[in-house]
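Submitted below is the structure of interest, expressed as structure tokens.
Chain IDs A, B and C follow the sequence of writing; residue 1 opens each chain.
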Amino acid sequence: MTLKDFVLSIEGLTVSFDGFKAVNDVSLYVEQGALHVVIGPNGAGKTTLLDLICGKTRPTAGSINFLGHELTQMPEQKIVQAGVGRKFQTPSIYPALTVFENLEISFPRGRSVFGALTFKRDKAVMERVHDIADMIFLKDQLDTLGEVLSHGQKQWLEIGMLLIADPELLLLDEPVAGMSVDERQQTGDLLNKICKERSVLIIEHDMNFVREIAHRVTVLHQGAVLAEGSMEHIETNEKVIEVYLGH
Amino acid sequence: MSGTLFFLDIFKDYSSDELSSIFVMQGFSGISLFSVFLLMALGLAIIFGQMKVINMAHGEFLTAGAYTTVLLSDLVTKYIPAALPYYFFIAIMMAFFVAFILGYIVEKLIVSYLYERPLDTLLATWGVSMVMQQSFRLIFGAREDSATMPEWLMGSWSPTESISIPINGLFLLLMSILMTTIVLLLMYRSRWGLRVRATVQNREMSTAVGINSKKVDRWTFALGCGLAGIAGAAFTTIGSVSPSAGSLYIVDTFIVVVFGGAGSIIGTILSAFGIAQAQSILEFFLTGVLAKVFVLLAIVGILMIRPQGIVANKVRQ
Amino acid sequence: MNTLLNNKLTGNKDQTVSFLILAAVLFVFFPLIFDIFRLNMVAKYLSLSFAAVGLVLCWGYGGILSLGQGVFWGLGGYAMAAFLKLEAAANIAKEAGSDQIKALSTIGLPDFMDWNQITELPYIWYPFKSFPITMVMILVLPGIVAYIIGVAMFKRRVSGVYFAIITQALCWIMEILFVTRQGWTGGINGITDLRTCLGWDIRTDSAQYILYFLTVALVLGMIIVGKLILQSKLGRLLVATRDMENRVRFSGYDAADFKIFIFCLSGVISSIGGAMFALNVGFMSPKLVTIEPSIYMVIFCAFGGRLSLVGAVYGTLIVCFGRTFFSELFPESWMFLMGTTFVLITMVFPRGVAGIVEDYGPRLLALFRKRSAGAEDLRIVKQAGVS
């Protein structure tokens, strides 16, 4: 395969905090339309990896190439505008705004000061918000305040806020944490639907869930890549069993 | 005259010998300014740097310490003049306790309710400072008071013929070194300091492991105020005290702490040293106020490049 | 049409009502009960309330606490004063032969420049020879200063307490510069003896009446501008940035831009207030732009309620009148009263007077409704938003 087929290619990525290498020489490639899952024990550097991709943390060395953009040099909002959406581990939505307003504010128009001043709630916005709300199972909760949603619904809302901007790559940090079995099932379906049009990079702990959805899996351990491949391949890897799956 | 940079211009009237002696002399005066800054900033480095409370009344605790010293010196002069050479050590302790108790009360009544709203502590403590200033005015009058100094604090010490260092400046320097050492030991080597740092970093967690975070907050705040009281006592050796004396220092003190990197006591020491030296050296060439403007602008500029202050760790978020 | 406009301007009925009440108090009530001396005092306080209105926008909604609003307020004030002073100096020059002109060695220069041996008008004073350019300066100067500070700070993500302390340092720099550059600024005395504006004597009773109404109109105008901004998507983004800056950034917005915008706007609003002050009072002094007045501006805003534009005006008027009244009545103890009030307001009523009215207003109205049996009263109460 050539570089062109990858949405995201990470090469030699390293970050150190006061000498501690949280991510150490990681290379990782995400294919177009793939549902790529990163697993690993606590402190393996998974969340830091996502922070590096979306620009929240800056690497000490290495490169992150996203559709021809070198992300390590770009400010966060430019990375988002280039087409990378990030969901955080603890749902981060606007608690004082309604579901509708949460989605509307994430609509990718009127992002400048002047644009925001003159932004109008027109038909295109209304339709898009309703489409997304339908997709994330919240169409009946459009007027509910963000803070009163259940934990699972907040997770969905945050995914919806990313989807409304129509990104090429979604970064999801533990999207099914705190969800009921039913909600988990729904989220699995949602993710399968989402990745038809875009690529998704997910951090997840729940191995059953990973088994269901993952196209490809990367195992991180102590900041470095331990193994990579399909789920069947990973589950038979001795090193992985030893450090992670074994317990 | 023209054509040269303004900055180089200011040096051109001096020979290199003169220049080096100017730097040495201004360096000495910078050291006493440094001890002033450091003494003021230590308490705030704990209250603001560690606890994130914007204590606008910090200067008033300093004033309280200074008035305690003045009061004691008056009493000693009147009733036991023989004790005059020694009273100052007792005055320092009393200044600490007075400011400590006042701080304890202020924390219990006001600050303890505002830890979740750091910017609001600014408004509330501004109110506290108004009340305290007015109290001083009612009790001690609006005019300036000064303490009677023991003989041994006056005069100056001349190691060589050309250099003479005032004793009170030297005393101030010793005081600031002593206080800094105590604070550093307390914060980084004692069990109590560990609790303070734990509470500051993660309040919920430290409560969960059995630290009484309310008590830690109260004692930490009171300690910071007590340190301001000591600074007040020390200041009576170089100047007089008036009800609004403390408020003159408050902005300087905040700048020292912010510039050093809030949360780092080492940073506070470095920043007090840097600001004091820069100011006293510049003061020789420019007028005092312009030196101040230059120093302030430089600090603002450096803070733009390093918003976290001069000493700060890269943290994994 | 009317209701549509009201909704657009103020969002809901409660806010429209409070805005209209403020307009009525300022436009009708005060002119009826106060003589021109007191009314001029109100105009002076209203000039300060511009800064508080600006702070509601940048602190209350944007989460940016600026302790340096005095800088912007002062820029506007000094710009206006500079224009008026040049006119005063020109007038003195015209009255050649009077004692004053004989005492001056340089004709047509402001008196303080003459005292400081300045024989030619400094270049920075040139723009203030023209009235239109002065008006532009009042809006542009604070805008530029705020923009530079804003870009330097917010792009570097300096925020919260650090920003507050840095703005305080800027205030100090401004004070030192304005006090020490005597020949340019009038030093510690400031710019005094301002008498006419475009030939119109601003010290007469009729002029002060007109200036009062102009000040009121401008304050109300600023409130409407603020309301419009808060109602737009920008308003929601400001609150979003205040509460969850990271999420805003990861929704593809440059959060710093919104902060810079609202900080600049609040600076410009303050500056207009400063200019009105110079017109209403006839002087400008560095004592009004230092650290303490800047903190007072924050206190006006906190007192009135940091989330209420209308409250900011009430807050300023109450604190200023309180200060004047109590300092005359109890010179010994008024500071206790003020200090204690600030502490209580911060601790018990963080939403200020506006918060108290919102919380207790409906209950009072309900009480009022029970006591009066008239159907007319019922209707009024219902209209005021009590259900």
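Details
Convention: a contact is a pair of C-beta atoms (placed from the backbone, for glycine too) under 8 Å apart; a residue touches a chain by one contact, two chains touch by 3 or more.
Note that the structure is a prediction, hence the values are computed from the model and not measured.
Compare each chain's C-alpha centroid with the centroid of every protein C-alpha atom shown, and the nearest one belongs to C.
Each chain gets a centre from the mean of its Cα atoms; the one farthest from the centre of subunit B is A.
By number of C-beta pairs in contact, the leading pair of chains is B-C.
With centres set at the average Cα position, the gap from subunit A to subunit B is 48 Å.
Chain geometry summary: the mean Cα position of subunit B and that of subunit C are 34 Å apart.
Measuring from the averaged C-alpha position of subunit A to that of subunit C gives a distance of 46 Å. Each of the following residues of subunit A touches two or more other chains: 56.
Within the complex, the subunit A residues that touch subunit C are 54, 56, 75-77, 80-81, 85-86, 88, 92-97, 101, 104-106, 108, 110-113, 116-119, 161, 165. Of all residues in subunit C, those touching subunit B in their complex are 65, 152-153, 156-158, 160-162, 164-166, 168-170, 172-173, 176-177, 179-180, 291, 295, 298-299, 302, 332-333, 335-336, 338-343, 345-347, 350.
Residues 229, 232-234, 236-237, 239-240, 243-244, 246-247, 249-255, 257-258, 261 of subunit C touch subunit A in their complex.
Within the complex, the subunit B residues that touch subunit C are 48, 52, 54, 56, 110, 113-114, 117-120, 122-124, 126-131, 133-135, 138, 251, 254-255, 258, 262, 287, 289-290, 292-293, 296-297, 299-300, 303-305, 307.
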